[in-house]
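Can you read through this structure? Questions will come right after.
Order of writing sets the chain letters: A, B, C, D and E. Residues in each chain are counted from 1.
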Amino acid sequence: ADITVFAAASLGDALSEAAEAWTAGTGHGVTIAPAGSSALARQIAAGAPADVVILANTDWMDWLAGQGLLRDGTRRVLMGNSLVLVAHGAGPNTPEVLAPGFDIAARLGPSERLAMALVEAVPAGIYGKAALQARGTWDALAPRVAQTDNVRAALALVALGEAPLGIVYATDARAEPRVHVLGTFAADSHPPILYPGAVTREAVAPLAALAFLDWLGGAEARAILADHGFVAPPE
Amino acid sequence: MEFLGPDAWRAVALSLKVAFWATLAALPFGLGTAYLLARGRFPGRSLLNGLVHLPLILPPVVTGYLLLLTFGRRGPVGQLLEEWFGIVLAFRWTGAALAAAIMAFPLMVRAMRLAIEAVDPKLEAAAATLGASKLRVFATVTLPLIAPGVIAGAVLAFAKAMGEFGATITFVSNIPGQTQTVPSAIYAFLQVPGGEDTALRLVLVSVAVAMLALALSEWLARRVARRIAGR
Amino acid sequence: MEFLGPDAWRAVALSLKVAFWATLAALPFGLGTAYLLARGRFPGRSLLNGLVHLPLILPPVVTGYLLLLTFGRRGPVGQLLEEWFGIVLAFRWTGAALAAAIMAFPLMVRAMRLAIEAVDPKLEAAAATLGASKLRVFATVTLPLIAPGVIAGAVLAFAKAMGEFGATITFVSNIPGQTQTVPSAIYAFLQVPGGEDTALRLVLVSVAVAMLALALSEWLARRVARRIAGR
Amino acid sequence: MSLSVSLRHRLGDFALDLAFEAPDGVTVLFGRSGSGKTSVINAVAGLMQPDAGRIAVAGRVLFDSAAGVSVPVHRRRLGYVFQEGRLFPHLTVRQNLTYARRVQRLGPDAAAFDRVVALLGLGSLLNRQPVALSGGEAQRVAIGRALLSDPVMLLMDEPLAALDGARKAEILPYLERLRREAGVPILYVSHNMAEVARLATHVVAMEGGRVTQAGPAEAMLADPGLVRVMGLRDAGAVLQARVLRHGEDGVSDLQVSGGVLCLPLVDAPVGTDLRVRILAQDVMLATERPRNISALNILPVTVLALRRGDGPGVIVQVQAGDDLLLARITRRSADALGLRPGGTCFAVLKSVAVAPTDIGLGLQS
Amino acid sequence: MSLSVSLRHRLGDFALDLAFEAPDGVTVLFGRSGSGKTSVINAVAGLMQPDAGRIAVAGRVLFDSAAGVSVPVHRRRLGYVFQEGRLFPHLTVRQNLTYARRVQRLGPDAAAFDRVVALLGLGSLLNRQPVALSGGEAQRVAIGRALLSDPVMLLMDEPLAALDGARKAEILPYLERLRREAGVPILYVSHNMAEVARLATHVVAMEGGRVTQAGPAEAMLADPGLVRVMGLRDAGAVLQARVLRHGEDGVSDLQVSGGVLCLPLVDAPVGTDLRVRILAQDVMLATERPRNISALNILPVTVLALRRGDGPGVIVQVQAGDDLLLARITRRSADALGLRPGGTCFAVLKSVAVAPTDIGLGLQS
């Protein structure tokens, strides 16, 4: 049976590619509806025809579960991601963990902005804020943060040079040639970046949906996701 | 390489359909509301006026959210519509059309209202003395005279419907082939690393379509205006 | 508990400022463009018309992105503005006003254009025979006669500016106290589970403000219209 | 009474307060600019709601503030020719003309259409838009449009003011025919005494929102006291006449009660009853029958009354047979001729002084 | 020449193709509805660009298609009174009147303002909006607005059509005074021969977009061949007269070249030169001097020409002193009196037949 997947927009390409491979293998079609996690969650609550939901945000998944909108036992973490500090322009990518002494404010210069997703609302922003707090630099940087409604828009600000630095997912930074990675934030400096998925209570093809989720956790899918920079979730 | 993939083309076709029906369905309501606001003297006129403008004032996401709450399958109106008429708007292209229509409504009403206010009531009075009832005066005098305004309103609505994004994606989500309009598709492509190219192409297509519609309507409005004023 | 936190109130104040200046700054350009479109006969008229409508047709995010490309600090216009006049739009409330103005521009122009087209050219001709140059005819006859349309256009623009979100956040992002307008704040609250309450309160405030502006403008427009037509 | 109007209304600092009744035929509202004529006609049409009053047309109450009655405009079936045309700019002349029948869902009436088109000379204009019409052409179309709405009463607000003499002369007979044949009463606003005399069966004189005098046209027109209201130059009485014969030399003889009138060829068959308006200023009086003079009409008359105004003129009311005539002469002449009531003399009248527009069909024929 | 017009223009299937020159004074464009009068005046004002031609006012070229000249409307300084008012609806009457001086940044001219307001009876209307005016009131304001624009030439498109007789009579003298004192030439469209005769120094007769005849008013009005164009009833010649004395009995004596005319008291001091229009239909001819008749004016005249039309009438051109007169009589009378060119007879004219509107100030005085 064909299934519809409501997926966080930032999963984008990686999920599409994986879905194509699954379709090729099983003959089941996959329709991916991308949007922000909050919109997806609310829509599912309003009876959206989704078989599978994959969010970039554990809170909204909890919210769905709390309302009994997910099939019991189908929820799992599908992949993980990491947070990086990017700078404008081409340059050597330095995927290593950002040194504790790295002075972001100094690097920013006196009047420039640090691009992030909304720090109270959008997952990438929330993680970024936590990471900066862990480094003890949040209070100094907070007034200089330019927040965007999604992480891709923050990346665009850096790519265009409007902001010299930005905090984005590693997966986003990879595909953007106009930025380079200055370093990765320590994984323990922010809540783990996890992409939970589940079959919805109203799924019309729950078996295929579950099969797709299972397959996403398998090796073939992992390889595709890894190509896009996602990492396997912590066991 | 193809200019656009099949999903993108489907989005274009869907957007056209949505914009067309949104405009058409909104027209009679828009006209009625515009007439009420232009000529009516009733308590609650200001309230109605405010209500009509709401979609303009609210962030589109809020409008979409309110639509979801009202017309969603669990929403009060959505449930009634489904039970009584079997009409489902949520997560259908019809819902996208509803969202577009509502977002475009204030633009349409404003344009039509201005046109109605510009009609000389003396001509309507003359029609009444010739035996035309209020309704017929409207159909035979007012309506033809405001035709340019109606066309202008419809075009604004069509253009807005082609560009509407926030309310649509919030209300009916972004399901390719079903509710993924051009703006939603552009959003999806922009979320994907390297998707800017395709997004740009979609922008070009949607601009081309809307420009065509605009040019057509300009031509139409001019013809009508010329017929009316002979200028 | 307070009705709204200080940040939210700051957003309200900022939105008012942005909408006010966006409307005011757009007015002369809107009027000029409307006049050109209504009365001008020049090649490229259709193109201009299309251009004016672009912000309506394009998804707001795209408009915001284009603004960023053009008026950003690295953008061609943005650089010139900074070098020559020291004007920086990026990440400033002025940029938010620019985004709002551009998004509202088509609405404003349409309303004004309709009004201009409704003015009887015979009155303008009469003014010319009395010695009024084109400019003076405009100022003393056309402008007073289209005042209701101008007001309508300004209100539409104001309302739209109060509700604009996509282009604004993309262009100037969201910096509390500087570029965080009410819609950005509402959006942020809607992104987190349980944020609906605060979002709703903000919605109420922004609706109240906009309704007030609407009512005011209606009253104004009616006064002007009554003065003009004596109806 | 075909029309019965009584109303009170305030318009800024202008107050309308009047009542009049009018029989079938043509009732002319006559008065200076700003005296309230258009306002009255608007109230009858239902375009203005008077503050108080009652309006009835042909026995049907259209408005009664006491009874709370106000028939909607489109149900009043009154054909209104406005002072300023008010053609529908988006319709062709043809569509303007057929508008009333279309909206009332009456089938087309080709005969009436053709007749009105021919009469008003609209043939070559039918496919034009109103903007492409000259001022006079537009007004002719407006008249046609009202005529073709099949009204129970026509309201005409200075309908001929924008027409040239020739067109006026062409349209007047049609209005007369309308009055007689279709029995359609007409409420007619005019400044023009020639029109009044030609058309009116009843005259209502207005001033400052009030009726100053009203009555049957003949009596009103032959009343020397009303000369001021009508305007000196336009004062004149109306005679009943019957066509006796048409001469080879282009002169028609008409029987009036006081004798025979010779007028330039009258376009009516022998035996037709006519109304002939004789302007007071076109009548001379002589105490001796003049000879060898170009005036063909010399009637023996009896002087009834002399009315001196403030000016140099005297209005003399004389009786010719059963009819009354007015003559306007100078005081100097009146003194020289020694005119006084009861005396006899001769009324001298040029044949050509009676304009074709001053000869109309009688009411009875 | 004050005004020189030559133009060619197409309007749908109507073609304008004409040329005329006009001296200072009032040039009347005369012709039926639809003959193109408004179009000509629009071309002069610059509101219509003719396809080809040349227009000059007071030596200043306003339009010349050959030279590529076209002065913008607002620089032409022509005061235009439109056929349909065109008051600015958003301005009060006062603001409408002062509009021209305001936009031309001329200071207020209280004297001129007061004079025009008084003349046109606008005093009580000054604070009204145009919608609250009656048809005639609106047109009076429009005239005032044009008068107050300090124009080098006035263009008037049937400005008096909507006014009643009394208002017309009040305004005409002002137009005359304007013509004479301010030296402002006027291009005047009218259907009304009384206005033509009273005001015109030059007449341009139009038909179907062409000029059929043009010339000085006196010659045009006394030309029996033009009677058709003017309309039979309105034909009449203009005499030059000088006030001799004002009688106690309200009659003024005027010297004309052929004798003395007695007219109802003329409002002009002794010695004033006047123009007096005598309608052809008001003149009787007699081969024997009539006695004991109310007509005070009996002038010996010589018959110059008789012109028979198709109808029953004959236009007789007679000479009284140096002046020409027209008389319109029936063929029957002409035959009975045996009139022929060269013969002598008496012209009989009622004093009161000359309307006050037919007496105007002479050009020289």
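Here is the rule we use: a residue touches a chain if its C-beta (ideal position, glycine included) is under 8 Å from a C-beta of that chain, and two chains touch if they have at least 3 such contacts.
Bear in mind that the values here come from a model prediction, so they are computed numbers and not experimental data.
**Q** Give me the fewest steps it takes to get from chain A to chain E if each step has to go to a chain it touches.
**A** Counted as steps through touching chains, the separation is 2.
**Q** Touching both chain B and chain C: give me those chains, sorted by label.
**A** Under the touch definition, chain B and chain C have A as mutual neighbours.
**Q** Counting C-beta pairs in contact, which chain pair ranks first?
**A** Ranked by contacting C-beta pairs, first place goes to D-E.
**Q** For chain C versus chain D, what separation do you get between their C-alpha means, in angstrom?
**A** Chain C and chain D have C-alpha centres separated by 60 Å.
**Q** Could you work out how far the Cα centre of chain B sits from that of chain D, in whole Å?
**A** 57
**Q** Rounded to the nearest whole Å, what is the centre-to-centre distance of chain A and chain D, using the mean of the C-alpha atoms as each centre?
**A** 91
**Q** Counting only residues that touch at least 2 other chains, which ones in chain B make the list?
**A** Those would be 61, 65, 187, 190, 231.
**Q** Which positions in chain E touch two or more other chains at once?
**A** In chain E, 84, 132 touch at least two other chains.
**Q** Of all residues in chain A, which are in touch with two or more distinct other chains?
**A** none
**Q** Between which chains is there touch?
**A** Applying the touch rule to all chain pairs gives A-B, A-C, B-C, B-D, C-E, D-E.
**Q** Tell me, which parts of chain D touch chain E in their complex?
**A** 11-12, 32-34, 38, 83-84, 128, 132, 134-137, 140, 158, 161-167, 191, 231-234, 247, 249-251, 262, 264-265, 281-282, 284-288, 290-296, 311-313, 327-335, 337, 348, 350-353, 355, 357
**Q** Could you please specify the touching residues of chain D with respect to chain B in the complex?
**A** 45-47, 72-74, 76-80, 82, 86, 88-91, 99-100, 102-104, 129-132, 145-146, 149, 155
**Q** Per the contact definition, I'd like the list of chain A residues that touch chain C in the complex.
**A** 36-38, 41, 59-60, 62-63, 113, 115, 118, 120-122, 145-149, 153-154, 156-157, 160-162
**Q** Which positions of chain B touch chain C when the two form their complex?
**A** Going by the criterion above, the answer is residues 46, 49-50, 53-54, 56-62, 65, 106-107, 110-111, 113-115, 117-118, 121, 148-149, 152, 156, 159-160, 162-163, 165-166, 182-183, 186-187, 190, 199, 203, 206-207, 210-211, 214-215, 218, 225, 231.
**Q** So in the complex, which bits of chain C are touching chain A?
**A** 61, 65, 68-69, 72-74, 90-91, 165-166, 169-170, 173-175, 184, 187-193, 195
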